[in-house]
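Common to both upcoming complexes is subunit A, partnered first by subunit B, then by subunit C.
Showing the complex of A and B:
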C-alpha cells in the first residue's frame, strides 16, 4: 500500500453474481483503429427517450466533428458527424438516425483547444463539453455537462474503472495505454466539481492497468482503490456502497450524498474535448466473442454499423449464438446488423452459446429465490416478475422497480430461464408512461381550474359593473325627484 | 357527588371542544370527490354526460356508474373500482386512440366560438384572425368541434402528428 491508495475500508455488496470474467481473449490486445465504414448511422436518440433535432440538410457536406443534430435542453450532448462526407438521409430504421455517406478523406473540422482550461469559467467549460457531444460512456449515457452542472463543491469524485462486466476490456486497455489522458480528464473533472477527494476504482484482476494508473498517479493527488472482482461492482450505486459504505436511497442520486461518479472512458473524452478541442466521434469498443476470428479492442467511429465491424474482424457463423451490443449481461441483443455502435457501447459480442445467459425455453417460476440472493439492489426479483407480467403498476411501485439497475444477475441464475430483465424494462416503460399520463392530467386540471376561476371573475366583474350602473341611474332619478320636489314646494 | 360533577364537567368541555372543531375545521372539500377527481384524466370532454371531470367525480360519489369515462380507459375504471370498492365494469364506450384538435387555418373565419368552448384554454386567436390549437395543451376532448360554424377543426391521432 502506498500513499496514493484509498485509505478507508471497503464494504461488501449485499448480493452479487459469481460469473467467470472471460476476458483473456482481449485483455492483452493493444488498441487498434477500426476502418471507417462507407456509411455511418448517427443515432438521434438522447437520454430519457428524447430526440435530437437534425440541423443539417440532406446532401450537405460535413467534416468530422461538425454538429449534425442538437437536443432541446441547453446542456444536451450534441450529435456529430464522425467522419467527413455527405448527409444521405434522416432515417427511422433501424433506429432514428442521420445517415452519413463517408467520402474517404476523413477531413476534420478545425479543433478549438483550451489548454488554459484552469483559467476558463465553469459555464464555458460545461458548454464545451455539451458541444463536444459528451455523455457518460459507461452505461446510461447521461449528458456529462448536465451531470456536472448539478455537482459543484462535492465531497468525493469517483472515477469508475471497475469494468466488472465479463468479456469487456475497453477501459482496462484504455488505462493501460493512455493513463495520462485519463488523468488529464480527471483533473478537469475535479476542477469542475471542486471535489475534495478523487478516487479511481479498479477491480483487482487488472494488474497491468493498475500498474499504469499507479505510475500516472505520481503527479496527481488522486487515490487508487483496488476493489475485489465482484459483478456488478461497476454499477454506480454499488460502487458508492463498496467505497464508502453508504447506500443511496431510492429515488436519490449519488450527488445528494456529495458524490459524483464518472466513467474512466468519459474522463478521457473530457480531456480530448477540452485540451484538444475534439468532439466525441470515436470510442474504444471491445469486439469479442467465441464466434469472432480476430477479437480485439478497437477505436471505433461512432455510427459504424455492427455488421461492418463484425465482418472486418471475421465472423464465424457456425459458432454464433447471438450478437450483443454492450456486455453479455447488461447488453442488448442485436437483430439488425445495420444498427450502429453508439456512445454507451463498450462492447460488441459475437457470442458463442457458453458466453451468454443460459438460454432455453422459459419455464414457470418455481420460487427458488436464487434471484433474490444475487440481487445487488436488495429487490425481490420474483415478485417483480409476477407483478410485471400482471402489469400491476401500483405493486411495481411498491416493490421499488425503479431501483433495478438491470444488471442481469437474476436472469443469469434463474433455473427457469425467465428473461427477467426484459420484464423489468417493460415494467419501467409502463411506469414512465403512466407517470406521463398523470402529469398531463394534472396539468389539464390546473388549466381547467384556472379557466373556471377566470370566467367566474369575469362574470362577477360584469355583474358589479351592471350594479354600479343601476345604482348611478337610481341616484340620478332620486336627484331628479328631489329637484322636482324643490320646485313645487307644498305639493 | 364529586365524581358526577367531574364527569359532567368533562362532558361539557369535550362537547364544547368538538363543537368548536366542527365549526372551525369543517372539511370544505368532500375528500371522496377529490380522490375520484384525481383519478380522472382531466380532459374535461363531457363524454360522461357531465360538464367536466369534477362534476362527474361528484356524480360518482353520489352513486353514478364508474365506466362512463372513455379517455380514462380500462385502467381508470380499475382504479376507481379499487378506490370505491365497486366491481370494475367494462367501458361504456370505446375510447379510440388519443387525439388532438387541428385547425385548418385557411378555412378558419376567426369567430372565437371554439376558444370559448375549449375547457383548458388550448386555442389562441382573436376575432377575425385565424385561430390555432396549442398542441401540447390540447386534451383531445372534441368540445371545439360542434360550435365551429365552418367545420375547419380536425381531430388527428397523436401518433400520426408526431411522425
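Showing the complex of A and C:
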C-alpha cells in the first residue's frame, strides 16, 4: 500500500454475481481508430426521454465539432457533427436522428482550448461542457454539466473505472494508454466540485491499468482504490457502498450524501473538451464477440452505424447468433444494423451461437431463489417477475421495482432462462405511464376545480354587483319617496 | 429476442443432478430391503411421467417441453423412495398420479404448487391405505426368510400375493409401541435397533445424507432448510431425551438416522417451489419441519412424520415469506437501525 491508496476499508455488496470476466480477447488490444463511415446517424435523444431540436437545415455543410441540435434545458448536452459533410435528413428510423453524409475531408471546426481553466469561472466551464456535448459515458448518459452544477463543495469525488461488466475493456485500455488525460479531466472535475477527496476505483483484474494509474498519480493528490472483481461493482450505488459502506436512499442521488460519481471515460472527455476545446465526437468502444474476426478496442465516431463497425472488423455471419449494443449483461439486443453507436455505448458484441441462447427456451419459474441471492439491491426478482407478468402495478410498487438497477445478474443465474430484466423494463414503463396518467388526471381535476371556483366567484361578483345596484335603486326610491312625503303639506 | 446464455445448469440439469444424488440412498434401500424397491421406484416414476403428460395435455400445454424439465421424474422418484417397497402396483401408480395431478397441475403446473407434490401423493396414500402403507419389508437378516428377490417382490406388487412373509414394522413404529421396555432393552430385544439407530435405516439415511451433501457442495440449494430441520429435530429429541426410559420418544441419533429424516432434509424440504424463498425464511421453514417431525413422531399416531410436517410447513411458507422479506437497498429497515 502506498500513500496514494484508498485508506478506508472496503465494504461488501448485498448480493453479487460471479461471472467469468471473458475479457482476454481484447484486454491487450491497443486502441485503434475506426474508419469514418460514409453515412452517420447522430441520435437526437437526450436523457429522460427528451429530444434535442435540430439547428441545421437539410443540405447544410457542417464540420466536425459543429453543433447540429440542442436540448431545451440550459445545461443539456449539445449534439455535434462527428465528421465534416452535409446534412442529408432528419430521420425517425431506426431512431430519431440527423443523417450526416461524410465528405471524406473530416475537417474540424476550430477548437477553443481553455488551458487556463483554473482561472475560468464555474458557469463558464459548465457551459463549455454542455456545449461540447458531454454526458456520462458509462451508463445512463446524464448530462455532465447538469450533474456538476448540482455538486459544489462535495465530500468525495469517485472516478468509476471499475468496468465490472464482462467482455468490456474500453476503460481498461483508456487508463492503460491515456492515464494522463484522464488525470487532467479528474483535476478539472475536482476543481469544479471542490471535492475534499478524490478516489479512482478499479477492479483488481486490470494490473496494467492499475500500474498506469499509479504512475500517473505521482503528480496528483488523488487516491486509488483497487476493489475486488464483483459484478456489479461499477454500478454507481453499489460503488458508493463498496467504498464508503453507505447506501443512497431510494429515489435520491449520491450527491445527497456529498458524493459524486463520474466515469473514467467521461473524465477524459472533460479534459478534451476543456483543455483542448474539442467537442465529444468519438468514444472508445470494445468491439468483440465470437462472431467477430478482429475484435478490438476502437476509437469510434459517434453515429457510426453498427453494421459499418462490424463489417470493418470482419463479421462472421455463419457464427452470428445476435448483436448487442452495450455490455453482455446491461446492453440491449440490436436487430437493425443501421443503429448508430451512441455516447453511452462502451461495447458492441457480435455474439456467437455459444454466447447467446436462442429465443423461446424459457421455462416456468421454479422459485429457486438464485436470483434473490445475487440481487445487489436485495429485491425479490421472482416476485417482481410474477407481478410484472400479471401487470399488478400496486404490487410492483410495494416490491420496490423502482430500485432495480437492471444489472441483469438475476437473469444470468436463472436456471429457467427467464429474461427477467425485460419484464422489469416493461413493468417500469407501465409504472411510469400510470404515474403520467395520474398526473394528467390530477392536472385536469385541478384545472376543473379552478374553473369552477372562478365561475363561482364571477357569479358571486355579478350577484353582489346586482344587489348593490338594486340596493342603490331602493335607496334612491326611498329618498324620492321621503322627499315627496316631505313636500306634502300637513305631515 | 435472444439473450445471453448463462453458464449454468438449467432447470433440466438441476433435476437430473437431484435424481443422481438419490443413488446412494437408493442403493442402501435395495441392499437392505431387496429389489422390490427398484420395482416400486420405477412404477412411481412411470406413473408420475404419465400423469404429467396427461396434465399437460388437459391444460393444453406442450407435452414435449413440459416433460423435458425432468421435474415429474424427480417427483415420482422421491415418492417411490418414500413408499413401502412391496406396495401393490395400483397404489403406487395412484399415489404418483395424484401427486402430479392434485399436487401440481390443479395449481397451474411447475412452479405454481403450494405443496410438495410427492408428499401430497404420500399423504393421500397413507391416510387412505394405512395397512398397506405401514407394511415395510423387514431388513435383511432379521427374519428367517431372506429379503424378497425380484420374483417374490413382483408377485406381491403385481399379483397381490400376500407380503406377510416379508414385512414387519419399521424401527420408528416398533420403538414407539415397545410396551414398557427401556430404549436399551428394546435395542437388545427387537433386532430392529441396528448398529446405532435402526437396522438398515441408519444406512439408508447415511446414503441420503451423502447425496444431499453432494447437492449442497454443487450449490443446488442453500444449507438453510436442511440444517434448520436437522438441528431442530436433534434439539427437540435432545430436550426430551431422558437417557432412554420406557416412555422415552427416542434419542437424537435415533431420530436423525431414522425413518425419512435425511430424505426429507435434503430432497423434500429443499424443494424451492413449495418452500420459503429468502435464506432466513428457509431456515425458519426447516426449523418448523424439524419441530413438527419430532412432535408427530413422539406424540402423534403415525409411524413417520416427514410428509405431514412438510405439508403443514408448506402451508405456512407464504407467511414466512412475508415475515422475512429482505430490506431493499436504499430503504430504511422496518425494525430500524440497519440503515448506515
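Note that in this section the second predicted complex is superposed on the first by the 482 of 491 C-alpha atoms of A that agree within 3 Å, B and C clash if a C-alpha of one lies under 4 Å from a C-alpha of the other, contacts with A are read in each partner's own complex, and residues count from 1 in each chain.
Following the convention adopted for this analysis, contacts are C-beta pairs under 8 Å (C-beta built on N, C-alpha and C of every residue); 3 or more make two chains touch, one makes a residue touch a chain.
For clarity, every value in this text was computed on a predicted model and none was experimentally measured.
Engineer: After superposition on the shared chain, which partner residues are touched by A:380: those of subunit B (first), subunit C (second), both, or neither?
Structural biologist: The second partner, subunit C, only.
Engineer: See if subunit A has more residues touched by subunit B or by subunit C, and give me that chain.
Structural biologist: Answer, by number of touched residues of subunit A: C.
Engineer: Identify the partner contact of A:329: answer first if only subunit B is touched, second if only subunit C is, both if each is, neither if none is.
Structural biologist: Second partner only.
Engineer: State whether A:437 touches subunit B only (first), subunit C only (second), both chains, or neither.
Structural biologist: First partner only, subunit B.
Engineer: Check whether A:447 is in contact with subunit B, with subunit C, with both or with neither, and answer first, second, both or neither.
Structural biologist: first
Engineer: State the interface residues of subunit A toward subunit B in the complex, per the touch definition above.
Structural biologist: It comes out as residues 434, 437, 440-445, 447-448, 450-451.
Engineer: Please give the residue numbers of subunit C that touch subunit A in the complex, ascending.
Structural biologist: 1-14, 65, 69, 71, 109-112, 221-222, 272-273, 277-279, 282, 325-332, 339-340
Engineer: If you look only at subunit B, which of its residues touch subunit A in the complex?
Structural biologist: Going by the criterion above, the answer is residues 37, 40-44, 52-53, 75, 119-122, 137, 139.
Engineer: Write out the stretch or stretches of subunit A touching subunit C in their complex.
Structural biologist: 14, 19-20, 237, 241, 245-252, 321-322, 324, 328-329, 333, 351, 354-359, 363-369, 372-373, 376-380, 382-383, 400, 403, 411-417, 419, 422
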